[in-house]
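Got some structures for you, see below.
Same chain, two partners: chain A is paired with chain B first, then with chain C.
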Partner chain A sequence: MTLDVKEPRTDGAAAQSPGSRKAGPRKPQRGSRPGGSSIDAQRKKLLVPFVGPAFVLYTVLFIVPALGAVWISLHKWAGSGPMKFVGLDNYGRIFRDQLFLLSFGNTLLLLFVVGTAIFVLAFALTLVLRDMAGKKIARNVIFFPHLINALVFGVLAGFIFNPGGMVNSLLAPLGVTDPPKWLAQDNIFPLIMVTLVCTTTGYFTTILMAGVDRIPPYYYEDCALAGASAFQRLRYVILPLTWDVFGTCAVLWTISSVKIFEIVWVFGGSSGAGVPPTQSWTAAVYTYVNAFSGQSTPAYGAATASAVLSLALISVLVVLLRRAMRRDAVEF
Partner chain B sequence: MGKTARHLRPLAALLGAALALSTTACGGATDASTAAAAVDISGSISGQTINYWSMWKDGEPQQKVIAAAIADFEKETGANVSVQWQGRSNTEKLVPALNTNNVPDLVDGTFAKLAPVIGETGQASPLTSVYSYEVDGKAVSSVIPEKFTSNGVFKGEAGQPWMVPYSISSDGIWFDAAKHPELKAKPPATWDEFIEVLDKLKASGTAPIAADGDVAGYNSTWFVTALLRLKGAGSFKELVEDKSGKGWDDPAVLEAARKVETLVKGGYLNRGYNASKFPAQQQLWANGDASLILNGSWTPTETGSYAAPGFEYSSFQFPAIDDKPASARVDFIGFAVPAKSQNQASAQRLAAFMLSAKYQNALGTEAKVLPVRSDAPVDPAVASVKAAIDAAPATHLQNDGVTFPGFMEKVFFPKDDELFLGKTSADDFIAKMKDAQIQYWKDNG
Partner chain C sequence: MSEYKLQGSMTATRRRGRRGVSPALRGERSVLRGIGVALLWLVVAISIAALVWMVAQAFRDTRDILDDPWHVPSSLDFGNFVRAWTVGDFAVATWNSLMTTVVSSVLTVAIAAPCSYYLSRVDNRLTRGLSLYFILGLGIPAQVILIPLFVMLNKVYLTDSIIGLNLVYIGVSMPFTVFLLTAFFRSLPLEMEEAAALDGTTAFGTFWRITLPLAKGGILTAFILQVISHWNETLLALTLLQSTEKYTLPVALISFVQQQTYSGADWGGLFAGLVIVVLPMLIIYVWLGRRLTEGLTLGMGK
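Right after this comes the complex of A and B.
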């Protein structure tokens, strides 16, 4: 099997236009050539007019508020009225707060445990669906849960798991007279994790399948001729050729998992009528309750401190992930 | 590398500019608001426009009454009222607005929501003039029952009231009087009589008490009210304010926790109350599968659509313990005027206008809620609650008015839930609360 492995990607390579990939054998180390061609010079001139407007918008709408949040996190503030500068006190306080550590732990559980489950399942489904008849329908069916608002799952949980709900009604004829307390406070978070696996797997399966579909069939024919087993085919063809898709999915999941909020809010908290039990809080819920619980004086300082920490967590994890997932890009 | 750096230079300049922008933008927020003085509101307000952010949504019964009042107000005074029917999130929207000069002239909400964002942050105008303004020939202060205001709940920093209530809510232990006429004829007045009633109900085969155990605010009502029965209105707030946490060693506090423990251990609560999702348990109760529920005065309207046929709403108060005078829970819904509002006089006039008998009566008979005026008639379904409030010597707020940042949600509710859901004993609850409260004040003192 001969795959055409190109040189490692340099940082500058990301800016290349897709068209340049097809251009014959590439010269190595183009990025470091001193003068640059006239095209390079043109490109340099266009950087500010092209990137500038987007950059300004992005700065005003995202970076400035983010820096504003950092500024607020150094204060004791009820959202309006006087602000009192307290330095890093808010950070110290939330690190001492058992509840923040618990919420943060839950966020990590979602990120790693749910993430692992999702990717194992998504990969397995991808392999099964690739050869399956009617795979388009199957793909739509497993993608469907992702379209449904998390609120619906929160409300459904009541119908399904209430003491007089569907599950217990189905169990009763089977002689189960003392079913588990499905919606007890300690069970809510595991239920949320299962729900997330069910709803998110289809989404990532779809993305991974797009990557797998891209693999030209002659590689599989090559495998068949070489007598490769299914595992070898996975190991030497499918994984290397979908690695960049996989990496992107991992980053997407990292970012979205740290922000998971609404499903926790509606699963516990009586569909939003109250605050969910603390056992199921994530860092995002912790942030929200501090600022907007509506039951006590808002603590914007502590809320933004926890939001800033979440942002820091995402940034560090994404950098680490990109590093861990970095492989020689395989082009085909 | 050199090329990359050249590319980054203009970007770095942009970022620098953005940073400078952000710091100036945030500087303004630190300015303290200026304390406003009471204004004279008796003059003509014709032609003025009031911007009102309402807690009601279009179509709600209360909205209809207020909309009718606004129409009359505009006709009578010549002022214009521009209303946004925002719903309950109006207080959340109010917080960021208060940092700008673009504030509404009038907002309404529950005391529990308005107090933290506008009352206690010194952002509300003193409404002394509203209280002395006359509606139907009587001063507003004389049509609001004195016991609602005598404990000073509405008093702001300068000692002047910042809120004018137009409606109230309360709670009670609700039951179907058609099924349990004996409870209506002679409601249990003391804790022992209450337990007797529960034992009888349990023996008859129906679950005595339904409770949506996933709503921490409902669960906490049991402990907080028991404590208030033992130590009087204001005692829970006093207990929570104590930075040393010593208050939790008081035998009366343990006694209150024991009362809750009795209900849990005695098997008086409906099976599954600790693993269900609101409103499953109150539905069960309305269907007649459980006899009693401790819940708010909104219970008849909230459960009316699914109550069993012939259901006759009635309630009795949380029983007295040790024959101390029992206060009634009264939570307020009313108006506040942001200090930055440019239309003080007209906004305050509208607040006073809602206290007229015509709209107070409509709140009671059409919207079927409890009007703040005690002379206004109410719907038969909440008559029992009104009678209890009228008879009570004093009143208390939900959670005794505790609003310390995060205390209820992060400290009290989780531990109280453990007690009410049967995961911890009364003694452990007291010990845990004492430690948690000491830690809370160390962090937030």
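Right after this comes the complex of A and C.
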């Protein structure tokens, strides 16, 4: 579960200009210099007042609940009353639960299918944008959806894909008299996937562009002198030099895709009792419904077991990604 | 200015590159590229149009919207906003969201900045371990801590409370903010701090009077990123808040959507609600997007 030191920085810089992505030196030997000046000694005394509050808040409100989740997942518990220790029973139970398998499968679909689509599109966009006129405007516009709550897209989709809605009225003149039922329970999830691709690609394009913009132009000139084709330039210059940015993006998407909740929750205006149709559930929705929907006795054990499995999925994938993406960083 | 130069040299490169490429490849590439550029501008145009369209619909009657969603409003009718504001409880929700966002973002940055400073300036086994400990949180999705947090806060009567939600947001934002700011402080030059120390400033004084002013850009960036994420946060708020007068905007929007399954669709009110959620983000993006860039490049450019 060790993320790269640079990763969150990219996120921050993504909102900024590409040129700003020059991170500081990796592990600067700061502070503790041989001979230790008095300011270093003084600084060290600040440990408790400086780090203390952040440490306490983070531990109490984040790490303790995370450990608590593992603990609860080993119990049968309805939220109140006694907790009964059942060991790994909850995990066995959710794996026999059709609903959980469906939800987890959907999460995997988001992670891999939507992820692949986003990456292919984002990379293509990056290549188009690289030396396009007006690239700043285009980039700023396609980044903006990242700042909007996904709820908004879910609600809008409900309006656009209504039986009498805009898509059908667009299709009618084209001779489509019998358009598919967009918001039928089986069709919602594919629609969610498409919506996510549309709204997330811009964000990753921005990050990738920050990486591509760092490549100094003399590499391209070298390519031209050596007579490299566009494909060769892509293969031997652009890809190797942006490889670490790709790794960062993959990790970011892994983490954020497993959390996807709100767009599913309201997609298409949500049906009936406020719980979306089971065909479109993700692991996060499964956790929430099992604990808080108020429809049946809350099953905190099963709900947290599902959440802990999501965490395990992230951990495994991040470790694998880091291993797969590990190469000698190209210094330039 | 250097930007222009860069682009200029790049186009020159491309021209030269084209000459070296076989004619077949050259043709294919330019067609593909042309399509790509056209598609990209189409996407950009659609995005802007969609945003304008959404804002425009918020000023129209529900029946008008359903009759012909392609039209622009004939007059500015604030009826939807008034209805969303009063009936849909968006007034209270907006206030709650605003309070939560501002308070938790300010406190997050205020608490994370000293911590990041320490972690960036003192390098020993303890701080390396602590840095790792903070990174750990970046990989934990919100649904994992959802239930235990609810149970814990319930014990101390902090569920269904804006204070509780603020605390949770601060705790949850720590990993990212500490991380961003640590990297930022590392990039700042040490010389000024050393000079201040030679002049007899205390360690705290150097932080307060030298480093913090230097780090204004990075801190502003961290703050804005927190504002954006707290304004949009949905899952935790949905879980921790139960009564209508405590709802934040996303939760109010969800409950508004769900009411409609019973009372019939009020698309006018709904569009008004969407605009209330989206517009502040647009304003921040347009207003601070560039200043943020400048702030960050000033600090990082060295």
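Please note the rule applied: the second predicted complex is superposed on the first by the 263 of 332 C-alpha atoms of A that agree within 3 Å, B and C clash if a C-alpha of one lies under 4 Å from a C-alpha of the other, contacts with A are read in each partner's own complex, and residues count from 1 in each chain.
Keep in mind that, in the parts below, a residue touches a chain if its C-beta (ideal position, glycine included) is under 8 Å from a C-beta of that chain, and two chains touch if they have at least 3 such contacts.
What you are looking at is a predicted structure, and each value in this text was computed from that prediction instead of being measured.
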Which superposed partner A:262 touches (first chain B, second chain C, both, neither): second
Chain A residues touched - chain C or chain B, whichever exceeds: C
First (chain B), second (chain C), both or neither touched by A:64: both
First, second, both or neither for A:297, with chain B first and chain C second: first
Partner chain in contact with A:51 - chain B first, chain C second, else both or neither: both
Which of chain B and chain C A:278 touches, first, second, both or neither: first
Contacts of A:82 with chain B and chain C, given as first, second, both or neither: first
Partner chain(s) touched by A:183 [first = chain B, second = chain C, both, neither]: first
Touching partner for A:195 - first (chain B), second (chain C), both, neither: neither
Set intersection of chain A contacts, chain C complex versus chain B complex: 11-12, 31-32, 44, 47, 51, 55, 60, 63-64, 68, 71-72, 79, 164-165, 269-271, 274, 292
Chain B to chain A touching residues, read off their complex: 1-4, 6-7, 10-11, 14-15, 18-19, 21-23, 25-26, 29-30, 32-33, 91-92, 95-96, 98-99, 112-113, 116-118, 120-123, 212, 214-217, 271-272, 274-280, 284, 399, 402-410, 413-414, 417, 421, 443-444
Parts of chain A lying in touch with chain B, wherever the complex brings them together: 11-12, 31-32, 34, 36, 44, 47-48, 51-52, 55-56, 59-60, 63-64, 67-68, 71-72, 77-83, 93, 96-97, 99, 157-158, 161-165, 181-185, 187, 268-271, 273-275, 277-278, 289-290, 292-299, 302
Chain C partner contacts - residues on chain A that touch it in the complex: 1-3, 5-9, 11-13, 15-17, 19-25, 27-32, 37-40, 42-47, 49-51, 53-55, 57-58, 60-66, 68-69, 71-72, 79, 124-125, 127-129, 131-132, 137-138, 140-142, 144-145, 147-152, 155-156, 159, 164-166, 169, 217, 220-221, 223-225, 227-230, 233, 255, 258-259, 261-262, 265-266, 269-272, 274, 283-284, 287-288, 291-292, 300, 303-304, 306-308, 310-311, 314-315, 318
In the complex, chain C residues that touch chain A: 6-7, 9-11, 13-14, 16-17, 20-22, 25, 29, 33, 36-37, 40-41, 43-44, 47-48, 50-51, 54, 66, 69-70, 111-112, 114-115, 117-124, 126, 130, 132-152, 167-168, 170-172, 174-176, 178-180, 183-184, 186-187, 190, 193-194, 197, 202-204, 206-207, 221-222, 224-225, 228, 231-232, 234-235, 238-239, 250, 253-254, 257-258, 260-261, 265, 267, 270, 274, 277-278, 281-282, 284-285, 289, 292-293, 296-297, 300-301
